[in-house]
Every structure is written in structure tokens, then in C-alpha cells.
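Chain lettering (A, B, C and D) follows the sequence in which the chains are written, and residue indices restart at 1 in each chain.
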Amino acid sequence: MDKLKIVVIGGGSSYTPEIIEGFLKRKDELPVREIVLVDIEAGQEKLNIVGSLAKRMVKKAGLDINIELTLDRKAALKDADFVVTQFRVGGLAARAKDERFPLKYNVIGQETTGPGGFAKALRTIPVILDICKDIEEICPKAFLINFTNPSGMVTEAVNKYTNVKCIGLCNVPIHMRMNFAEILDVSFDDLYVEYAGLNHLVWVKKVWLKGEDITMKMIDMLTDGVSLSMRNIPDIKWNRDYLRALKLIPSPYHRYYLMTDKLLEEELNAAAEGGAGTRAEVVKAVEDRLFELYKDEELKEKPKELEKRGGAYYSDAAVSLISAIYNDKKEVHVVNVVNHGTISGLPKDCVIETNCLIDRRGATPIVLKEELPLEALGVVQAVKSYEVPAIEAAVNGDKGKALIAMANHPLVPSVEVAEKLVEDLLEINKEYLPQFKF
Amino acid sequence: MDKLKIVVIGGGSSYTPEIIEGFLKRKDELPVREIVLVDIEAGQEKLNIVGSLAKRMVKKAGLDINIELTLDRKAALKDADFVVTQFRVGGLAARAKDERFPLKYNVIGQETTGPGGFAKALRTIPVILDICKDIEEICPKAFLINFTNPSGMVTEAVNKYTNVKCIGLCNVPIHMRMNFAEILDVSFDDLYVEYAGLNHLVWVKKVWLKGEDITMKMIDMLTDGVSLSMRNIPDIKWNRDYLRALKLIPSPYHRYYLMTDKLLEEELNAAAEGGAGTRAEVVKAVEDRLFELYKDEELKEKPKELEKRGGAYYSDAAVSLISAIYNDKKEVHVVNVVNHGTISGLPKDCVIETNCLIDRRGATPIVLKEELPLEALGVVQAVKSYEVPAIEAAVNGDKGKALIAMANHPLVPSVEVAEKLVEDLLEINKEYLPQFKF
Amino acid sequence: MDKLKIVVIGGGSSYTPEIIEGFLKRKDELPVREIVLVDIEAGQEKLNIVGSLAKRMVKKAGLDINIELTLDRKAALKDADFVVTQFRVGGLAARAKDERFPLKYNVIGQETTGPGGFAKALRTIPVILDICKDIEEICPKAFLINFTNPSGMVTEAVNKYTNVKCIGLCNVPIHMRMNFAEILDVSFDDLYVEYAGLNHLVWVKKVWLKGEDITMKMIDMLTDGVSLSMRNIPDIKWNRDYLRALKLIPSPYHRYYLMTDKLLEEELNAAAEGGAGTRAEVVKAVEDRLFELYKDEELKEKPKELEKRGGAYYSDAAVSLISAIYNDKKEVHVVNVVNHGTISGLPKDCVIETNCLIDRRGATPIVLKEELPLEALGVVQAVKSYEVPAIEAAVNGDKGKALIAMANHPLVPSVEVAEKLVEDLLEINKEYLPQFKF
Amino acid sequence: MDKLKIVVIGGGSSYTPEIIEGFLKRKDELPVREIVLVDIEAGQEKLNIVGSLAKRMVKKAGLDINIELTLDRKAALKDADFVVTQFRVGGLAARAKDERFPLKYNVIGQETTGPGGFAKALRTIPVILDICKDIEEICPKAFLINFTNPSGMVTEAVNKYTNVKCIGLCNVPIHMRMNFAEILDVSFDDLYVEYAGLNHLVWVKKVWLKGEDITMKMIDMLTDGVSLSMRNIPDIKWNRDYLRALKLIPSPYHRYYLMTDKLLEEELNAAAEGGAGTRAEVVKAVEDRLFELYKDEELKEKPKELEKRGGAYYSDAAVSLISAIYNDKKEVHVVNVVNHGTISGLPKDCVIETNCLIDRRGATPIVLKEELPLEALGVVQAVKSYEVPAIEAAVNGDKGKALIAMANHPLVPSVEVAEKLVEDLLEINKEYLPQFKF
């Protein structure tokens, strides 16, 4: 490969400085000639702010990388080597609605895991498939690195409906490993963590420290008061007896399934008048502050404040993944890929999140020598029985499939409530759901 | 085989007249020499009442069948050809507790499907394994026809931990088919119904009328106001759009999963002061009346009133199954058997409920030409991820497994609630759970 | 269903009197209004002879069945309920060539199992797919009962490439069970025999006599001098130690794989100058005699001599199968059907031979409670790795697939020989293989 | 880990200088404190010769590695970190017999793949299990790197019957990749080759050059006159049409299956009076010359001549594997490991040869994104149906299993010949087969 052309769709996002920093940090191993930040008209202003910061960052680093800003996606894709998708259809405003509408029925309104995430999937999947149609036509050899949420479902849609080489990213696995390293006070590199499950529903099967299995010790430490903290999720202690019996470590997002009652209460409180607001509303404030900072012509690097944003490390993980592919590193990353029998109780063609070998050919899952035990698999299978019809609904605008998906979601208490949620969801998101007939 | 010896464990049950009637009805195809009704000391009085009625029934039929009443199980098993288990550890009193204790946490207290059924499984499985130890020793060639609930889990325990040839029975499949025949106004025999799932969580995949697939028509009729009615479950209408999209028919017990909110409300109302009482309490009253009837020396046949009892057709199904085995009929019955790959998303060694070929060799599942779709499989897998650790907990008295099982149950909202439910369950059932250390 | 219309393709075959007799025997359960015997122009004379005999048979039986003779297949298929295929592309002359050409390379030239059978498959599959196109168009609800060889491969082709409801028949399973009954001196009906494998490569997993497993006893008797005799296969004794260790009973056709050296020698001897001739040549003589008999105006029933023909019971099995379907009997027959996971080491969409439940819906395999052991599965998998590309070659005229198929056949010693065999095969059968480009 | 202790069982082998060189070459990454060469009494003389050379090599390299020679295996295993097995039960004399006895029946007498290899397996497996019993007791954390042949079967036996962490090695995959690199004139490191199959029956699924799939180009070059050459196997050209249709590259050992007739002829010629002798006899001469060289006190490094020996690169691969484990490299090596569903048509608990991630935890297979196609799988399955009963026969001395294994071997033409081969094998190897009763 020659020097690389990178296309970032949703380039006006507040995350962009992190991705730029990621490339700057790896300048010796990853020769980039051009980074094109693509956005839509509504995002023009943010694109300008972030784009200018990006240019200042590159200049300060003394590198010869061309930063291009554009609203013309097709033109941008020409000769692209890697396409990164980090857009949000409807912006934070849509997310805020996702988080609120299910609360009316006492259902968790989480933006990736619950009915909120379903709304996001319905808005996002048609757009990503559209992008993929362009990639197939304009730059078919490019890799698509997706971190638009719900990342697993989006990746599954791409893998089922297009020929684009797509790898789905999430920052949860890397966060968990960082957290383990911190708790153990060891180096991140000395840990090997085996993950299996779905995006935002991934289990840690084993933790090894320098080749020694310390899973049970890790469980003891995790239930000892310390905990896995993700900015997007309220901090709640795991039940020690449960984890000890299970011998597995849940992801922070498992809390929505394992502590449903508590998390619903928290969400209701936050959303209530006088409450802290939904997560989207909190993020909105953080983001506004970030853009204020970005405008500062003197700012020439990624500001520390960005790390407080929930998606921290996402972009860096993306660049690290790009480098592993470009350099044929045969590194192990935890990403979203087609199952191919890795988790034997799930369909072969669905997308899972697990440890993969990364090289020039892309991501290939590593065999699980011990299968994910049935005790941990049940909830994963139940959620997959929501995801599959949800993706079909997103692609075909099929209301029947949407109803099945919603009713199958473990957080939804009945078909009756599912029906109301689907109605509300379609009504609220009407402008973003042309695939459905109204 | 010579003339048969049948052993009924839990012989003092109010169901016994039906099973006796079943044998009398089939006198020409099923030559029985002896029926031994076995019970425990606490059931002596009921055993006498029911046993006397049984004798009068046989006498009236003019048959030469010896009815034996005993508390000595081992003696009873000598030379047995078929053993039928229909006992209830702790009686209806325990069931009433099963149905009430979860309500405290706003969790459904259903006696077979929810945490209530878990309590029943923990009480029952050690007893059935004990019976099986006797069968292995005394009459290893005998078939065990189990209709003690939770029938699927009990059958799974027997199949995993013993060498006894055990078939699990449930009256739900036969009720559904009867209900379809009634709605369609056709003969029961003209229908072929394909079932797949778990006991009390079985899906109808297809309905054929004289070889024609009428599944969609059946769905339309079922959601047209008419419905599948089972005496144990409140009558609630299915959502037509949902079933039409799914193209499958749920069992009545699916309501606990698909209408959780409504059924919880009903249970809370029934259990509240001034309410109708839990189902156990209602059944208790029915049963008391039945025993009053049974005492009547003039009664010489199964009273009509027995059909109002939830378990109607259970016993008749058992005798019909015995006849199919004895006569090597190669009939299709819907029973609980080891999966052996029939439902590919479930463990091979677990027990499922599906159409089986019945002959002298026992029950063999028939291949599903179309797999149970993922959309219907998710909840089945989730429930199996409860059942498997629940059985382990029952066998080994393992509190960790009990906690996992309870937390995995789709009707339980959190690990925290699961922990409280397990604590209460163990405390309430202490006298019946010697396998747990307190 | 009303009274039935049956269409027999290859109606001029010497087997036809047996199929007619089959319908006459079952007149009380199987109401037939018309049997159309279809043949091609080259078969006109035989069709007339056999058709006249059929008419005399019906007349003698005093039944009101219309026997129609025609060369117009499309007209014949109108309103057909069952289509039976028993044709032979190229006739016995082609079979004789099939049996001879591989001998040149010291390879067995068997007409169904070896390279000879491959030639037959290449000639037959395009014709059967053509017939199926007509059925799909003219009588899509009709069942196709195929007993044209290689029956398993032909059935697989139909199932993979058409929507016709096709069941493949073979007389080997019924012959084996008859032979067992004879050896044991018990009634055919008292035996239950479980089969699993491929057509002409089926294993008996278990033999039950009145519900008792007598497999090992059967093995002892079979290796005691007595043996399974099929008219098409030389009579050779099985190795007792081998079968005892394996605990399974091979089909007579397994000899080609398990006694390759001996059978090759026999074939070479028979084909040599002064030898008995190949099986086709022997059959030709039998057939000529049969047609002489059939011409006799006084003959009004199936002549005894027909039973000496290798395919005895084939036609009767076909009528018995038709009756099981028509009468929704839920009987167990051993037929060729889509695997659907029944044998877990074979593709789900391939065709296998196994015990099936037969009813109005067709044939559904019965689950194997114990899997076919690896020790017996290897050869089955090896042969399936020949069959799959062979079918693709037949459909697409793909020489590469033909070479792979031939090289994968366990009876072929090298790719080099495979290449020569393919060349010879294509050359010899040129006129029947329009799908290949020459 | 501290500095390592390595134990080489069969330390007196002519390969030992290569393994020593392997450690010397990697001195910077692999700190070794002691290498113990273990042998049996009969090997004392060779052990002394090779051991002295090893000491001279270490000395010349100026390293502080203690070379220990011993006949006391248990003592040697104390504190071992890695155990390497490279012994040959019965020595080359036994191998020569392995290669000759089947020829009497016109069956290939190959020492790893055919009946000869079966004899070797029967002699070797009990010894390796004995070694493993010692490892379990004395150094349970040690890794066992096995390159005693038949390496796959030996590794399967260890994995099925012991708890030892065992990885099986073969030099075929590395040879093939070297050969590809040579033919393409590219660097070994620029190629990624995906393998799947069994030891000595491994298929190359794909060849990538710097991330580009060049499999078809490689096939064209391979069938262009050039070829994969392994010293142990006669050089014969592949059939281009066959490989092009198959789209896979066979291992050199596939020739025994794909060119059976030719290779049998070659073996017969070589073994005939006046012939070149069997491979063992040729190797014996090479080995004698090597030991003459080794005796030379001036020799202080691995002599070039060793590379002519068939097993070249075996030992270097072993040290490279040890380094990948010790240094937690997460490198991809092609080794023999438990299947765990990697090849879905083979048992989960059998051993396969495929690309694995190597790190401190051992070897973990990488998922095959495209399954090994049925067309290539059939022969693999057939051979596995030989291997599994062969291992059981080796462990239990079960003659019935031995007969099944031999009869299932694709190179054996009949049960009858199989029986004779087993008889001869047992008779010839009597002194090495105490597990069988004579």
C-alpha cells in the first residue's frame, strides 16, 4: 500500500480530535497522506470548527497530512483506504428522545441496549447501507471501521447486506481491560482478556496475567467495592456470590439486564423534572463545552476534557486497528465480526464481539477453547433474538419484524407494551425512517 | 410382555380416577393385571378414599385388575412394567407458598414457570431421583411416565442423572390441539400439530388439517376473539399482528413471558386480601369437593367435575402413551424427551417438548424440517439457561447455581431480587430441601 | 383427495407389472382412477407389451382403473397426484457400458455405487430436473416417488434444484429387513430396524425384535454362514470380528467399499471373455425372457419370474409409500430425504437414507438418539464428498467438478485414473450429456 | 518465568543438533539454563555422541547452558518448563518393518500415513501416555511439544487421556510455506498461509501475499512443473485441472491418497531386491553418516548434512514455538491442537492441524471464515474415522478397534486385507505392544 487515504464520515463529531491524535501518535508506523472529514449540511459548522483544530494539530506535529473538509461523500470516497463511520443520525437531539420515550411505559430508554437503541438502529442502518453502496462502487477494497452505535447491529447489517469489509468497534472491551489493569496495578500489556458475546453485552470469560489465569481473583477484586466504570453507565456494585458462581465477568452494559429495576429507577429519576437529565442531555452539555474549546485558535492538540466523554478511546482504538491491518501485525483486538461458529449457540452469520486476530486480511475470530457456558449464553441468545428481526425491520421497513424485535427484547415486559413502543418510536422518528410506510 | 403391572406414585391424588378410567377404556388393547397406588404416610387418608373409588370403578367395569394400595414404594416397584409419577412434594400447601412468595418482589409466582416452579423443582427433583434409584435396582426395564411438574425439568434431571427410561408428559399440547379442533370445528384426528420448545414454553410451528398447512388461518382464528384456554391460566387475547408476523402459535404458558405485566397484576390481585386467592387455593377448594364426591360409595366412575381441574387429560394422555409403547404403535405423541439435536440451538442433552414417535423402544423425536426460528427460540434459550443451573442446584444443593438460575429467569428483574427470592425460597421450603445446607 | 391419478414415467419398464399389482392389492385403501404409463419413443414397443398386460391385470381384478399409455409426458402430468419415476436413460445398453468402462483401469464398474453410477447420474439428473420443471408447472402438488438410480443422488438433485416434493426409494432397506426376518424366523412386522447412511451405503444401527435390541445377536447370525442376499451383488460373507467390533450391520452395497479387491476380481472375471457377462448383460437376458412372458395374452398377473430381477419389492415399496401418504398413516418407511441435521456429520441440505415418518405431509426423518458412530461415518462422508460435486457436475456440465467427484470416489485410486475415467465416461455417453461441452 | 529448563526425550536422536542450534540462535529472547537429553539404555551410545556435540556447540557459542545426559526420565522432568518428545519406539529398524509389511498385500507401507503409521502409533502412544503420567506428577505446568510421529494422533491421545498441555508439531506446513516463498521468489514473512486438516493430511485453503489472496496463482505455479518437495516423499506433479477446480493446495502427503497407485508402485520398486530400499533404509544410511560426523571432536555446530534428513526444520519449529509461548508473542504457528469446532465436520475433541495463535496460554486455533469445503473434507473425515479407533486400540490393546481402524484406512482395500495386516502388525511388533494380549 502507498501512503493512506482515510475518510471519516461524521467528521464534524467531537471525537475527531482523538482520531487525529491517533494518527499523529502513530506517524512512524502509519503513513497517511490525507484525512477527509465528511459531514452533512446540518453539521457544516461543527465540521469547520473541528476541521480547523485538526489542521492546527497536524501543523503542530509538523506532518505532511492533508486535512480535507467536505459535504460530498462520493468524492471523498475516491481512492479511500480506510473509511471510519462515527456519525449519529438525528444528532444528540434524537438520542435524547430515544432515552426518554420508553420511560413512559416504565421501560429502560438506553441508547444502545434498550428500545432507545432500537430506534437508533432503525435510523442508522439505512444510512450505513447507503454509504456501503458507495464504497462498493467507489472504493471496494477499503476497510470500513464502524463505531457508530449500536455497533454490533450496524456491523451485522453491513455484513449481511453488502460486500464491504466491515469491522465493528466498541470501547467497552478496552475500557474493561484498562480497568482490570488499574485495579490489579499491572501493565495493560501483561493482561490477556478473553471476551465473548455481543456488542454491549460481552462477557469476559477469562483474565490472564502473564499467562496465569486470574479470573477468580479478578472477580473477587471487582466485587470488593472497586468496579468497572464506564462514563455512560451509573456505577453499581456487582453481586459477589453471583459472579463467583458464574466464574465470568459481565460488561458494564450487562447492568441493564442484571439490575433492570435499579437502572430503570435511576433513569426515571434523571429524566424527571429537576433530575440530572438523560445521558444525552448530559453529553450535550459536555459537547457544547468541547466545541467552545475547539474554537480556540491556540488549541493545537486534543484537549484533556474529551476523555470525560463516554466514547473515550473509541477513536484511538480505531487508529490502532487501522495500523494493525496496514502493518499486517497479527495483533489480537476485540472487535465485532461475523460469528462463523465461534459462539456455537448463535447463528453462524450473525455478528458477535470477541477476540480477533487482526492482519491485512481483516479480523478473524479466535476459537473459544471453552464455550461460553449456557448460564451466560441465555441472555445473549435472547438479545440476539431481538437484534436479528430488528435489523430486518431496519432494512425492509417491516413493522411486523419491528414488533417481534421489540417484544423479544428482554427489557420489554409484554407484546402490548412492545406495540406501543413501536408506535411511539415510529412516530417520533418519522423523518428519519423513510423505509417505513406511514 | 405379559399382563401389565402399573405403579402410580402419588396414587392418592385426585387425578387417579382419570388414570383408572384410562385403563378401563383401553381394556381391549392394554391388558393390566395390577395397579398399585403408592403414597406417603401423610397421604394415607386420600389414598384410601381414591383407592376405594378405583376398586369400585374396576368392579363396575367387570375387569380382573387388582388394585393395591401401599406406602411401601420398594415393594410396589417389584416387577413393575410402567411407573407413573404424579406426586406433589409438600402438597397444595407448598404450591400456595410457591405462588405467593415472589409476589412480595413484584415477581410472578407461577407454580411451574416462574420462581414458584423453581421452588417446586428444588423440592421434587431429589425425590424423583430417589425413586429412580429404586427403579434402577428393582425394575430397571420399567418405563417411567412422569407428569409431576415442572415436567420438563424433572424429566431432564432423570435423564441426566439416572438410567431410567423416562418420558415426561404435559397436557398443554393435547389441550392446544383440542382447542384448535374445537375452533375449526373439525375432528381432533384430522389435525396434525407440530410443536417445539420446552415444557410450558412450547411453540406450535405448524398446524395441518388433512395434510394442508393451515397455520396462518389458525392464527387468524385464534386472534379473532376465540382463544386457547387452559384452566390454570387467565384468559387473555393474543396480539394478532405479533402472531401474524411470527407465524407461530405460542402455548398458553407463553403469556407469562409475553404478557408479564398483565399476568403479574392479575396474580397480585388474586393474592390480595379479598382476592380470589392464588391458583393453588382455588384448586384446593376444587380438590376438597372432589374428595367429598369420591367418598360416595355409590360413585363408580370418574366424576365429570374432575375435568374442571387444571390437569385434565394428563392421566388419559399417560395411559394412551403406555398403550402406544406396549402395543408398539408407532404413534406420534407430544412429550418431553432428550433433545439429541432436534432443536439445534439447545444443548443436545437437555430435555425438550416435541412430537415423538412412540413405540416399544420409547419416545424418539421427529426431525424439524424447518428449524424453530431464532425469533421464537430466544426466549426458549433464555429459559433453558435458567433450567440447567436450576437442575444442578436441585441435585447438588448448590446455592450459587440456585442464584444463577433465579437471576437467569426472564421473569426476575435483577440479581438483587434473585438473591432475595432464593433466600426466601430456601427458608420457606427448608423442610423439603435437605440437599441444601442451612 | 378424490380418487387418484398415478403417472409412471418409464412406464414400459419390466417392473411395471409389480407396481400394477401393488395398486390392485391395496384396492381397499387406495382408490385409483387412472394410471398413466409414460415412455419415450424408443420404448414404444415395450410400453405396448407391458401396458396390455397391465390392462389385463386390472380387468382380471375387476377394478375400474383406467390404464393409459402415452409418449406425451406433459399431457400425462395433468392432475397427477403421484408421479413415479423408474426410467433408465440409455437403457440397459448404457448400463452395460457403465459397468465395463472402469474395468479397463482396474476400477469397479458398479452401476449405482462406482464410476458406473456416476455415469448414470450424469445421464439421469438433467432428465429428472426436466420432468420436475413440468411437475412444478402442471401438477405442483403431486408427490414424486423416485426409484430411478442412483436414487439418493437423484433425490438430492431434485431437492436442491426444484420445489417438487420428492421422496427417493430403494429396495435395499426392505430387503435387509426381510432377510433378517427370514434368518430369525420371525415376522417382518415384529422387527424394527434403524437405518442411517446414504442410498446404497446405509448402515443398520439397531435391530429390535418386539422392542428388544437384538443387534449383536443378528450380527452373530449374519456372520454365521447365512447372509444378506441381494440379487445384484455377489454373495460374500462378512467378517465376524469386524462387525462385532463395529456393532453395526452394513448394507450389501458396502461390499464394494469393504471388499473392494474381491469384488473387482469378480467383476473382471464376469466381464472377461467367456465370463458370465456384467450384471447388465445378465439382467438383459432376464428382461428379454420377461417381455416374452408379458406378451402372452393369457398372462393376467405379475409373473413369479419378475422377482428374480434385482429390483424386486421396489415397486411394491412405492405403492406402499403412496398409500401411507394418501391415508396419512404415520407409518415408518426407510426412504431418501433431506438430512436436516439427522446425521450431524453431513451437510444439512444433502439427501440421506433413514427411517422416516410418512404421512400426508410427506417423509420426515426420525431423530437418531445415538449418532451414527464416526467409525461408520467416515466412508459415508467420503462418498458424500463424491456425490455433492457429482450432482453439481450433472447439473452444470462442469468438468472440473466431475474430476473432483471422480477423484473423491473411494473406489478410484488416483486423480490420474479419475481423469481418464472422466474422459472415457464423457466420450462414451456423449449423446446423453448435452450439458457438457465437447 | 525464570531461566528455562528444557527436557528432550529421545535426546540421542540425530535431530538434536538442530534443536540445540535453535536455542543458541534465540539466545537473546529465550534464556535457557539447562537442556536435559533423555534416552533409553539402548540409545546410550548415540546419546553420548550427540550429547558431546551439543556441549561443544554450547561452548562454542559461549553460553551458560548446562547440557545434561541421562537415562533417568523422572529425575530429568523435575522443574522442567518444556518437554520435547522426539523419540522413536523400536528405532529405524521398526520403521523399516512398518514400511515393508503392508507391501506384501499391495498396500502402501508409509510410516506415518498408512498401515505403517498405524504400527508406529500402536508402539508410540502407550509410551507417550507413560511420559505424560510422569509430567502430570512431576512438572504439571510444563508444556509438551511433541514431534514424535504420527504427531497428530499422538497429540490426540495425549489430549484425550491426560491433562498435559500438549502441542503437536509437524514440519510439513513450514516446508510448504517455504516452498511457496521460493517459487514466488518472495520473503517467507510476506506470505500468510491458511491450513486446515490433519497432520500429514493438511490442506492449504488460502495463500495471501501481503494481504492479497494469490491462491489461484499459486496453484497455477505449482502445477507448472515446479512442486512442493519434501524429502520423505517422491516428487510427483499435481494435476492442474484438479487443483484449479478444487481451489485448494494439498500437502505432499496427500499424494498417498490422490496418487495411491503410483506411490504404491514406487514403494514396491524401492523395496524390491535391487531397489533403493525403503525410506527407513535410506534414512538409516543418512543417519549413520550423520553420527560419524557427530563423533568428530572438531565439529562444533549443526552440520549442513542434517538438512537432507526428512525432518528438517522440525526442531527449529519446536524452539520457535517454545519462544512464542515463553515470550507470549501471540504469533501464528501451524500446529496440531484440539479441534474445538474449528473444522465443523470433525469431532470437537479430535486433534487437527491448523493455524493457531501462540502465547503463554498455549495454542488456540483461529476460526476458519470459510469452512473447509466438503470436496476436501471427505478424505479428512475418512482418515479421522481410522485415527479415532486406532488411538483407542493403542490405548486399550483392543484388537476389534484395531481391525476397524485398519479397515477404515482409505489405503486398505478390504476388511479381509485389514485383518491380515493387523495380524502381521501385531506379530511383528509383539515386543513393543504389551497392551495387546497374545
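FYI, a residue touches a chain if its C-beta (ideal position, glycine included) is under 8 Å from a C-beta of that chain, and two chains touch if they have at least 3 such contacts.
Predicted model only: the values in this text are computed from it and were never measured.
Contacts with chain B and chain C are shared by no chain at all. Steps from chain B to chain D, minimised over paths through touching chains, total 2. Relative to the C-alpha centre of chain A, the farthest chain centre belongs to C. Note: centroid distance chain A to chain D, computed from Cα atoms, is 45 Å.
Work out the mean CA point of chain A and of chain C, and you get 56 Å between them. Shared interface positions of chain A, defined as residues touching 2 or more other chains, are absent. The list of touching chain pairs reads A-B, A-D, B-C, C-D.
Every residue of chain D that touches chain A in the complex is listed here, in rising order: 192, 208, 210-211, 328, 330-332, 338, 340-342, 344, 357, 359-361, 364-369.
Touching chain D in their complex are the following residues of chain C: 238-239, 241-242, 244-246, 258-262, 345, 347, 374-379, 381-386, 388-389, 398-401, 403-404, 407-408, 410, 413-419.
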